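Every chain is named by a letter (A, B, C and D) in the order it is written, and numbering of its residues begins at 1.
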Amino acid sequence: MSFVLDIVTITAVSAGAFFFLAGTVGLLRFPDTLTRLHALTKADNLGLGLMVLGLLPHAGSLRDGIKLICVWLIVLLAGATVSQLIGYVARREGSRP
Amino acid sequence: MTEFLTAALGFILAILAVGLVRILRGPGDADRMMAAQLIGTSGIAALLLLGTVSGVPAAVDVAMTLALLAAFTSIAFVKKGTARFETDAPGSTEAE
Amino acid sequence: MNAATVFGLCAAVAVGLGLYGVITNPQPLRKILAFNLIGSGVFTFFGVVARRGAAAGFGGDPIPQALVITGIVVAFSATALALALLLRLFQASGSATLRADAPPSAGSDPTTP
Amino acid sequence: MTLAPMTFASMTFALALEIVLAAVVLTGAVWAIAARGTLPAVAGFVAYGLLLSLVWVRLGAPDVALTEAAIGSGLTGALLVGAAARLRLSEVPMAVERPGVILRVLAAVLSVTVAAALAASVLLLPDPAPTLAPAAAENAAATSLGNPVTNVLMAFRAMDTLLEKIVLLLALIGVWSLAPDRFWGGRPGPRHHADPYGVLAFVARVLPPVGIIVGIYILWTSADNPGGAFQGGTILAAMWLLVMMAGLADAPPVSERRLRLLLLVGPVVFLIVGLGGLAFGDAFLAYPMAYAKALILVIEFAMILTIAVTLGLLIAGPPERELGS
């Protein structure tokens, strides 16, 4: 059982790390602000989500597990709204001469 | 398993360092905010990993606090102490 | 070489950096920021001492840890007061400089009629 | 122990991690000092604070990590961003005032000396380290709280905590006293406006309920786990400020009676309990053993309100609008 859980952890944390990498590469390499924003949200949503999934088997108790999921949900909510704000700021800057 | 998670933590810290460099380059506020967002999220991921690696379950509480306050600080950055937040061209918000 | 030593050296460098910033940076806001850096370095120092005193099943000596929590709060209040003073100076004089021979500001105090 | 080589490998692995973490922390610190613009410097400082909370977790001090994440990084960051944005106009003439080469070299020499002295003292710390942890563990039964840091803050060194609350109030009075005469008693900060159906109003409606639950949870859990009135109160303050920034609610006039009561309830409850200890117990702030936990919880619940309101008002700043406007 613990072997299966270890495989879940390794797979999910590696996948999460990959999405963080992809988001960062996109943030550095993509040509304009809105595509960079698109890349960034992958790291936010999927990267952290997969990390949380991978760490769930290591949570000491049910309460810790629920809190882990709550962290992800808060980041999702905050990240989605902050991304919209970034979009507005980008448009405001873009319309400037 | 601890070794694997420690390696993942080192990787996330490297990503965070890249985000730090990105903030410095800017040039606009939007890019700075994106880098800050990346730093915040990778910082939270690093905290969760570190809590598991170091055996400090309360790191999850720290991560929750950070998640809430990162959103707050980002919004403070957008508002920058000004009274109005222009989500659209002037006048169009009143027309809606 | 262990965690306490590594972070202790890190704290020493942070204090040095903060001190350099307080002396050389002309902007008051940046001086306040640098001062906060010194403060956090000193707090980390306390954390190192606490970590070395880990005993009785605790991750660290709780007394320095509690002192640091109090310290962070007091540092925050001092920062808030310093920034409020700086903003008031800016409002009253039109510039935020600490130089005594600063040129008189173009704008008058916007807060008094 | 057949695992000995393995544990040695994992120890060096852990050490490598700590060195990487320290390097990233110092990157943030260098940048908070060296960045040209004020806003990037503030961003560097906020990132530094975030990383420092990782250091605190690694140092086995999650209580401090919570405080650093909430206050050192979050609220101080918001405070500095607001001030930096307001001072932006004055940045241009500042460039001229850069100190000369000699002063900078002297400052560098002084800073390196101080840092080297501190580093030497880190390396020369006494071994075994002096500690009060066993004493704290021995006396933990007196309060029946499981978190040693809460024990120290609320029982063993409760006087520090009481005085810290009073320092916060004094800072607030100091900030208020900077208001021009005609604004005295009025509302702090500008009246914020935002699109009532926009994203800012949305997040200010959805996030605060979550934040209030988390804030109260952090207080409630502090009896046995890391947390406390301070860390919880900071989250509540941030949520209140969020609602204000989204224009959903206005800041209250600083002369409002209800507000003044909230500002006083924490320290007053603390003082009453302390004087009760003087009257019925052994000393000021001595809790009777049987009621220690209950009394500490009462104090903490009163304090979280005061702390949330005080921190929120400290960030909102001095009154800027006339009473009745």
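Brief remarks follow.
Assume a residue touches a chain if its C-beta (ideal position, glycine included) is under 8 Å from a C-beta of that chain, and two chains touch if they have at least 3 such contacts.
None of these values were measured; they are calculated from a predicted model.
Any chain touching chain A that also touches chain D appears here: B. Looking at which of C-D and B-D shares more C-beta pairs in contact, the answer is the pair C-D. Inter-chain centre distance (chain C to chain D, centres taken as mean C-alpha positions): 12 Å. The distance from the centre of chain A to the centre of chain C, each centre being the mean of the chain's C-alpha atoms, comes to 32 Å.
Rounded to whole angstrom units, the spacing between the C-alpha centres of chain B and chain D is 18. With centres taken as mean Cα positions, chain C sits 22 Å from chain B.
Touching two or more other chains at once are residues 14, 58, 60, 62-63, 75, 83, 86, 199-200, 203, 207, 210, 214 of chain D. Each of residues 70, 74, 77-78, 81, 85, 88 in chain A touches at least two other chains. Within chain C, residues 59 each touch two or more of the remaining chains. Looking at which chains touch one another, you get A-B, A-D, B-D, C-D.
Looking at the complex, you find that chain C touches chain D at residues 1-21, 23-27, 29-30, 32-34, 36-37, 40-41, 43-45, 47-63, 65-70, 72-81, 83-88, 90, 94-97, 99, 111-113.
Those residues of chain B whose C-beta lies close enough to touch chain D in the complex are 2-3, 6, 9-10, 13-14, 16-17, 19-20, 23-24, 26, 29, 32, 35-36, 39-40, 43, 46-47, 50-51, 53-54, 56, 58-59, 61-62, 64-66, 68-73, 75-85, 87-88, 93, 96.
Per the touch definition, chain D reaches chain A in the complex via residues 199-200, 202-203, 206-207, 210, 214. Against chain B, the residues of chain A that register as touching in their complex are 6, 9-10, 13-14, 16-17, 20-21, 23-24, 27-28, 33, 36-37, 40, 43-44, 47-48, 51-52, 55, 58-61, 64, 67-68, 70-71, 74-75, 77-79, 81-83, 85-90, 92-93. Residues of chain D that touch chain C in their complex: 14-15, 18-19, 22, 25-26, 29-30, 32-33, 38, 41-42, 45, 48-49, 52, 55-56, 58-64, 67-68, 71-72, 75-76, 79-80, 83-84, 86-87, 90-91, 93-94, 97-99, 103-104, 107-108, 110-112, 114-116, 118-119, 122-123, 125, 129-134, 136-138, 148-149, 151-153, 156-157, 160-161, 164, 167-168, 170-172, 174-175, 178, 180, 182-183, 228, 230, 311, 314-315, 317-318.
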